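Below are two complexes that have chain A in common, paired first with chain B and then with chain C.
Coming up: the complex of A and B.
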């Protein structure tokens, strides 16, 4: 039997190598600072797509509230950056405007950069562990989990707007300086920042792929297909679900940190329901089962969105909505699924019908 | 009666009004979810369409408000029917995908409405007597809010009648319990799903006709209701009575918490309570089909 090249692991890694080599070479071609910053932000979106592909594509956990980890990470990072620019004993100006005269305890740990960055990764991951643990041990799954993540996200948005003295409400935090790591300053408009985000994107994607290929990933994919059966085989399904959910949260938290570094701004918009769902849209269009295609989905949708510009934005959203409906209805594997089928047919034309069947059974499994 | 007990009584009445709003918002969702198990993310946009229907009827045809409500039911019900026939019915065995597809539908509906009516707020006219305030011994409540509570009761009674006193209701309940066996007894389950979806959408249209008068009408107004409506349905478990109890409990608790702290924090507390509740009772208060999620 001839194998579909799409499933060949060596070829997959080779594809990763080519894609990342091309992405990494961008600053060598262009030194337009604005463009590099824009592309680095796409890298952040790519990380978010990878994180959703990990928990939704592999684990079947539809997370419509990835903005929780993203926003928490971004806020923690912005707080760290804010404190870096703050002279000893002074507090951020917006706190003075809101009637605070001393640094609140919740801000204290962010005075130290290392602690701040650790917290930026730890707080979202810990929250995901607790929230996921509570939900998955109660065997809340599928659409209900999606609804709960959505509700949690809007709860976070409300509370961050409400706690104005600590978060500056809807205005958000905009640290006046860029992040300093030791002696190095990460200027968001530079090739250095691009490579910084790029390295993290590669690390996250490769880590996620290794997780998918590991024994852990095998069980995670098994429980997507039939959690009951995995449970009867003696595995603690809730632990696996919680872990894969928390790992995807960690990746989103890293993305959040990068976002704060690149834009030097964070606001409750990061907790917006629409943003979190658009991550799911990127992944669904690109292909939920493939990390790298999910990432392409993010690049394509966001790239097209900024390309069409404000004038055609409304038509664009209409097109996006329709194509999303069409992909969900006819192409559950996204473009990755399409590529998989085409490669399968190219490898062995008479096997085409078989592959199509496989495709169909995949679609049914995804649904469960 | 001292001040604090008046304030408390006022917040109880306000809670009743919030409960009425939640219940009206959640009613259509309850029916669609309870029967077909479909998570309809476009529910908020059905509400929005109901409000725009009333706005359009009033502005372009001068139809009085009370007549607009049943028309909103029919118009949005028809839109729901069309969406079910063209999209949802292919996805019944893929619950996560229905959720996504209906999200796509909601994107298209919001954007379509924005292109037709523009993004500026619209207003729905209501009869004079509905916009007054009723005051009884220190307690006060807008007449329109009383009207919403009244409508919540009327709609609940109507849905109860359809479900338990008509042939169509028997079919709905049969399909809810077991689609295959109901189908083998000659019930056209696809048809039942279509009409149930249309009924749920129509009820969202009525909700929109009410909420459009309560607040301003915007293409994005649906988003504000949909999360609360979902929480009501999930807490209630998908049954009509469950949603009624859940909306009453959420409305009253939110109003009481808002009295003690503030309204934003009250929403947050309610949410935490729901998560804790679902931890111990994931199937909700009253589970429609008895199946575990």
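Coming up: the complex of A and C.
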């Protein structure tokens, strides 16, 4: 039986290798600092797409509030970077403007870089574990879960604007220096920063793919089909759903950290509903069932937005919306689905040729 | 002291004030095939739902091996050793036949441990054996959603076999099967009941006659009669409520 090359695991890993080798080689070709910084930010978007593909594509959990983990990660990282630049005993200037005279307790742990980074990953993941745990044990799923994530995301946006003395409200936090890891400074406009983000993108994607291929991944795909059936096979569905949701949150938190490092800026815009929904659109366009194609979806849409979108100004959002409708209607599997079909067709004629050969040789046998 | 292997004690369930199960009790011996029959609306599927944890009883108890499993979650009851096949075949349509059987091989249910395991130990041999039994060896790579109705029934039977529970709850396993396929099911069930306990819901008395050790007749949510198939067929009350009205040939 001829298999569609799209489903061949060895070929899939080979494809990953080629794609990541090409992406990793970019700084060798160009040393344009601005371009490298922009491409590294695309890497962040790629991570977000991978995270949504993991929970929505594999587990069928539509998450329209991925900005929660992304924003929390970014804020924690920005706070860490801000504290790195503060002299002993001083507090960030915006706090003085907001009438604080001592560092609030919530900022204290971020004085230490290691603790800060750990918290940047731990806080979002722990929140996802609790939020997911509460929702999934109550068997909230599908559109209802999506709406809950959306509502929670809006709540976060409001809270971060309202807590002006601690978050600098709508202005956000812009640490004056770049992140220092021990002795090394990560200059956001450098090939070093690009490779830093790239390595994390590779790690997240490969980890997500390994999870998809494990028994855990198999059961997650099964519960996307029919959670009830999976429950009767003895699996605690809520635990599986919570874990896959929290893992996707962890990846989004890593993306958030990278975003803060690259832009040296974080604001409630990271919690914007529109941004989280656009992550879902990238993934739908690229193909939610494939991690790497979801990532391509993010590159395509964000790339088009930067280079073409500027000419269309506000019409761009209409173009994006229209292409989303087209994909949902005609390409439910996104680009990945299209590639799958084409490769499947390409493999089929071979099969026809094989059987034709077989018949021919049979005929020869008979003739003898 | 709760004796016996599997025991249902005076169970009750109402839906919106309507008593569907009304004080039903049942004792099932190990390695027997017990058929649950009764006219439409007698509460057969509700009974299966109550045993497997999909519904919680209002009163009464369910015991397995002396443990009270009343009110447990579906996955806990399943782990305790009760497997279920649904009335409308429930397979995982988006997964291949092979993947369906792999998921059903639920020896390890811990999510974290499964994250670090690529394949379950012993699964491949079991899968070989069972796919042969249910005649799906050549269909392993087909998406389950593309199977015919008969094949879907087989796949779900295969899934329950992969799960290898102490008690199998089968809800109308031969619905929509051809004579030939029913014959094959009879063979499998007769072999299986030597090592497993089976509770089977069925309409078709012809099929029940071929496999049942004990037949229990359910009427209006309560036990009407119980015994061997010969006793049941002679029973006047059963003829009145069930055979008289339903079985006209």
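The rule we apply is simple: the second predicted complex is superposed on the first by the 346 of 368 C-alpha atoms of A that agree within 3 Å, B and C clash if a C-alpha of one lies under 4 Å from a C-alpha of the other, contacts with A are read in each partner's own complex, and residues count from 1 in each chain.
To be clear about the criterion, a contact is a pair of C-beta atoms (placed from the backbone, for glycine too) under 8 Å apart; a residue touches a chain by one contact, two chains touch by 3 or more.
Not measured: the values here are computed from a predicted model.
In the superposition on chain A, A:240 makes contact with chain C only, while chain B stays out of contact range. Once chain A of one complex is fitted onto chain A of the other, the partner contacts of A:130 are absent, as it touches neither chain B nor chain C.
For chain A, the partner that touches more of its residues is B, with chain B and chain C as the two candidates. Once the two complexes are laid over each other on the shared chain, residue contacts for A:229 go to chain C alone; chain B is not touched.
In the superposition on chain A, no contact is made by A:170 with either chain B or chain C. Of the two partner chains placed by the overlay, neither chain B nor chain C lies in contact with A:17.
When both complexes are overlaid on chain A, the residue A:322 reaches chain B alone and has no touch with chain C. In the superposition on chain A, no contact is made by A:102 with either chain B or chain C. Contacts of A:199 after superposition: neither chain B nor chain C is touched.
In the superposition on chain A, contact of A:159 is made with chain B only, not with chain C. If you check the complex, the residues on chain C that touch chain A are 52, 54, 73-75, 78-79, 83-84, 86, 90-95, 99-100, 102-104, 106, 108-109, 111-112, 114-120, 141, 159, 163. Chain contact summary for the complex, chain A toward chain C: residues 1, 3, 211, 213-216, 218-219, 221-222, 224-226, 228-237, 239-240, 243. Those residues of chain A lying in contact with chain B across their complex are 60, 62, 131, 134-135, 137-144, 146-148, 150-152, 154-155, 158-159, 161-162, 273-274, 277, 280-281, 284, 314, 317-318, 320-322, 324-325, 328-329, 332, 363-364, 366-367.
By the touch criterion stated above, chain B contacts chain A in their complex at residues 39, 87, 90-91, 93-101, 103-105, 107-108, 111-112, 114-115, 223, 227, 230-231, 234, 262, 264-265, 267-268, 271-272, 274-275, 278-280, 282, 292-293.
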